[in-house]
């Protein structure tokens, strides 16, 4: 059981590594942020599994905080990028396709 | 020595794996933002749900069950809302959804 | 009652009072200058009490929280700490007096001045906390406190150059303190303590310890602007408002050097440091020559003074190769005395430069010609302060350099003898250059009347620095309390005098 | 636990990668990012060296120090960002202004 | 089992190092920041693997969350491009030579030396674990990290609170607050989310603060969570009422440091030792300090986000100021 959850956690870490490709490729900021959002959820799952595997219930707290914070970060992103008088330059190489 | 519950939660954990992998692959392979959004929110929330379910079976106390449930609900609601906001924003910014050529 | 007051650990109150005043000045911005001035008035008395306690037999350690060293944090009130606390209180008080006038004369810049006071009080508290800290990690926190406050003070002017200098200083500070912290991490990983004394006892001459030492020392010399890592200093010091420039050059530069001194003499004596010491000595020599040459080339008075600081920092670093064997005490006391003398002299010079800038509207050296008139007194003050920078008797600078020279002689390191003498000649050259322009009688322009509070503090500082040599034996004796250098010190001092 | 040496090595690498980027890249925001990476590296070395005990507990002292360090580095990040934004607003630059004399007052 | 663990650790460290390199080298800074947030998430995993859940919590909230948000806002104001007036760069041949030499040759070799020497350390060392455990019963709290943070090395934490306040003071001295977020219509979905998240954040913050005495958690994590709540509220259009932007705000910002300072001053005056808590009072004193610190930290971090001193409404916009400057 514990080794199974460890191995699954490892595979989830690998999917994060794969998902990084989307962050690298973009093309829009939203795509990158979306990938980060997925990392958040995956990290929550990894935390829960690791916590179970190593018998440390603390990790559930950390996972809870993670879940809360990814939500706040995503909201920051959505609200921030909506209106921003000085933003244009940043999107120069971010035009989709 | 594995009990039935262990077996069951092990199966659940394993079952969660395809969802995460599918979510990641969708993120990588799907053609545009809206499709990716779609793949992502469905896949990872279900995946996490299965993991949570598996660990709830193993939980020592009701408090732990409650916390796990809370985490899942939080991710579910936040994920759905944020996906909605992102899609809304992208539409407002004039990104047309992808269509099969 | 008096007993109870005398038994208070005043060296620690010197940290808490300015920090508390900083909060007060932050919460009540309108009264900030009053809070600041009142604190500046109180602190010299606290320092006097602390020094008095220091001269009596007393406990050298105070463990914060009451926990003994490996677990808790040891605070030291040894001679070095007391000297630094006292000089900070004295110079800080005079600069504070000047600052009240300086900032009230510049009311036209809205909402800037009242941030000076809480920032300066934070800086004061941070410096004092740093001087008494006997714990590597606590030193890191205090260093960061000092750096952050200095960054904000440099940026106070708000102009482009000031902001650039401030941000550059912030990055330098970050790199320096992180390198230092990496060294601390390695030492803690090896010896499971960050207490200076315990580490000093435990350390052995291993390669890993050398790595840690190299990381910490290079981080600190970056922060203390030793040549060739001085590039950030002149802009940072010259762009700030005059009282801030004075604070930075007189006191803040020395904070990192004090940490370095403590490390070198308290933590690393077991390491074989001959080569490292020579490297530091050579860099110091480079700083003396290069800083003086650059000072000769400057057009602006404040930049000239800032480059002079680069050179004077170089002198301080000569202590590392010179403090050897019997000469250790002479080099140590010379170094401490130089810190004091330079603090007074350099603060006076920057304050004068500030007043000149205020009255003349610029500080271009070539346009100071004919500054006789009302600015004349300022030029005289500048000359007085310069005596200690050049190192002429009876100034403190003279005795400091004399002690360093005698250490160089005693250890047979003739090279440093030449450097010290050459540096003095060069500094005389750049000072004379300023004075010659000032006394050149070309045309008199009309200068506004200078408020007396902007004239007297620099004069006071200059006179103190000039006469410092006459009372030098008292701070020297203080500096030797619990000093980590070999004995035979009194002999050296009487020899020097 | 010997794995901690792995983390200590990783932390050292992070420190130097951050230092390299801080020195090389001109954009101020990237410098701030680099400083954060540097800090994380140092903290990792600190804790990893404290995680070597045989009974599976990590030394609480470096943990507490690193918590302090994280907050301090957050403070520096916030101040550096405001400084960078001010510089940008005054000059339109997102880098240091190299030649201070030419930039004028 | 240990094989999978080692593999996990190896992959994690490798990912962290690669991620750091890629994010610092990436041309688009938005990408760099998203990678930095991911880096923070992975780093939090690393802290957990190093059995440092307190730091993992702090890293998740501060490292990834608050710093990430700060950087995003900063990027919005700065832009990603390297832009500057073309200015003549004065360099001497020595400087031109020294830069690549330093970066290309010196740094890698120093790194190599440090690495090689690090591996000479003994594999097993227990640091101060036993020492802390031995004194834990007199510390007033049961969690070792909290005991070190607020009792054994409380003086450090006291100064650290000072650094936090000083940071906000510096920020205030530099600029005025500019609202980084959109002022237009707030989507209804966001408001609903906020109604759910805000109470939850406060609840979890309280839970983490209270847990600090026995387990991982404490003032900093709780305060940072509350700060996230304040930021969320600001995102959803809430503002501090005008009357609370002056004295009250400054009191809120400074109350953590003030409480700590008062504790230090009172103990110093009474016993001659700063922060020496009487043993029977230690627990409650620490709790008091922690509550004040939590409250303070929440406002301090939120103030750091705002990026300047508060200004009354109806002020010139950023664009106006640029014109005048």
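The letters A, B, C, D and E name the chains in turn, as written, and every chain counts its residues from 1.
Basically, contacts are C-beta pairs under 8 Å (C-beta built on N, C-alpha and C of every residue); 3 or more make two chains touch, one makes a residue touch a chain.
Quick caveat: nothing in here was measured; it's all calculated off a predicted structure.
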Query - Any chain in contact with chain B as well as chain C - result: E
**Report entry** Separate pieces, if any, that appear once chain E is removed in thought
**Finding:** A, B | C, D
Report summary line: Farthest CA centroid from chain A: chain C
Report summary line: Strictly by count of touching C-beta pairs, the top pair is D-E
Query raised in the report: Compared with chain B, which chain's mean CA position is the farthest off?
Result: C
Report summary line: chain A and chain E have mean C-alpha positions lying a whole-number Å distance apart equal to 19
Requested in this report: With chain centres taken as the means of their Cα atoms, state the distance from chain A to chain B in Å.
Outcome: 12
Query - Inter-chain centre distance, chain C versus chain E - centres from mean C-alpha coordinates, in Å - result: 31
**Report entry** Set of chain B residues in contact with two or more other chains
**Finding:** 74, 78, 81-82, 85
Query raised in the report: For chain C, what residues touch not just one other chain but two or more?
Result: 137, 141, 144, 148, 151-152, 155, 182, 186, 188-189, 192
Query raised in the report: What residues in chain A touch two or more of the other chains?
Result: 33, 35, 61, 64, 68, 71, 75, 78, 81-82
Query raised in the report: Between which chains does touch occur?
Result: A-B, A-E, B-E, C-D, C-E, D-E
Query - Of chain C, residues touching chain E in the complex - result: 7-9, 12-13, 16, 19-20, 22-23, 26-27, 62-67, 70-73, 75, 111-112, 115, 118-119, 122, 125-126, 129, 137-138, 141-142, 144-145, 148-149, 151-152, 155-156, 182, 186, 188-190, 192-193, 206-208, 211, 215
Query - Interface residues, chain A side, partner chain E - complex - result: 2-3, 6-7, 9-10, 13-14, 16-17, 20, 23-24, 26, 29, 32-33, 35-36, 39-40, 43, 46-47, 50, 56, 58-59, 61-62, 64-66, 68-69, 71-73, 75-90, 92-94
**Report entry** Contact footprint of chain D on chain E as seen in their complex
**Finding:** 5-6, 9-10, 13, 16-17, 20-21, 23-25, 29, 32-33, 36, 39, 43, 46-47, 49-52, 54-55, 58-59, 62-63, 66-67, 70-71, 73-75, 77-85, 87-90, 99, 102-103, 107-108, 110-111, 114-115, 118-119, 121-129, 132, 144-145, 147-149, 152-153, 156-157, 160, 163-164, 166-167, 170-171, 174-175, 220, 301, 304-305, 307-308, 318, 321-322, 325
Report task. Using the touch rule from the top, collect the residues of chain D that touch chain C in their complex. Result -> 8, 12, 15, 19, 22, 28, 31, 35, 38-39, 41-42, 45-46, 49-50, 52, 59, 61-62, 65, 68-69, 72-73, 75-76, 79-80, 83-84, 86-87, 90-91, 96-97, 100, 103, 105
Query raised in the report: For chain A, which residues count as touching chain B in their complex?
Result: 1, 4-5, 8, 11-12, 15, 18-19, 21-22, 28, 30-31, 33-35, 37-38, 41-42, 44-45, 48-49, 52, 57, 60-61, 63-64, 67-68, 70-71, 74-75, 78, 81-82, 96
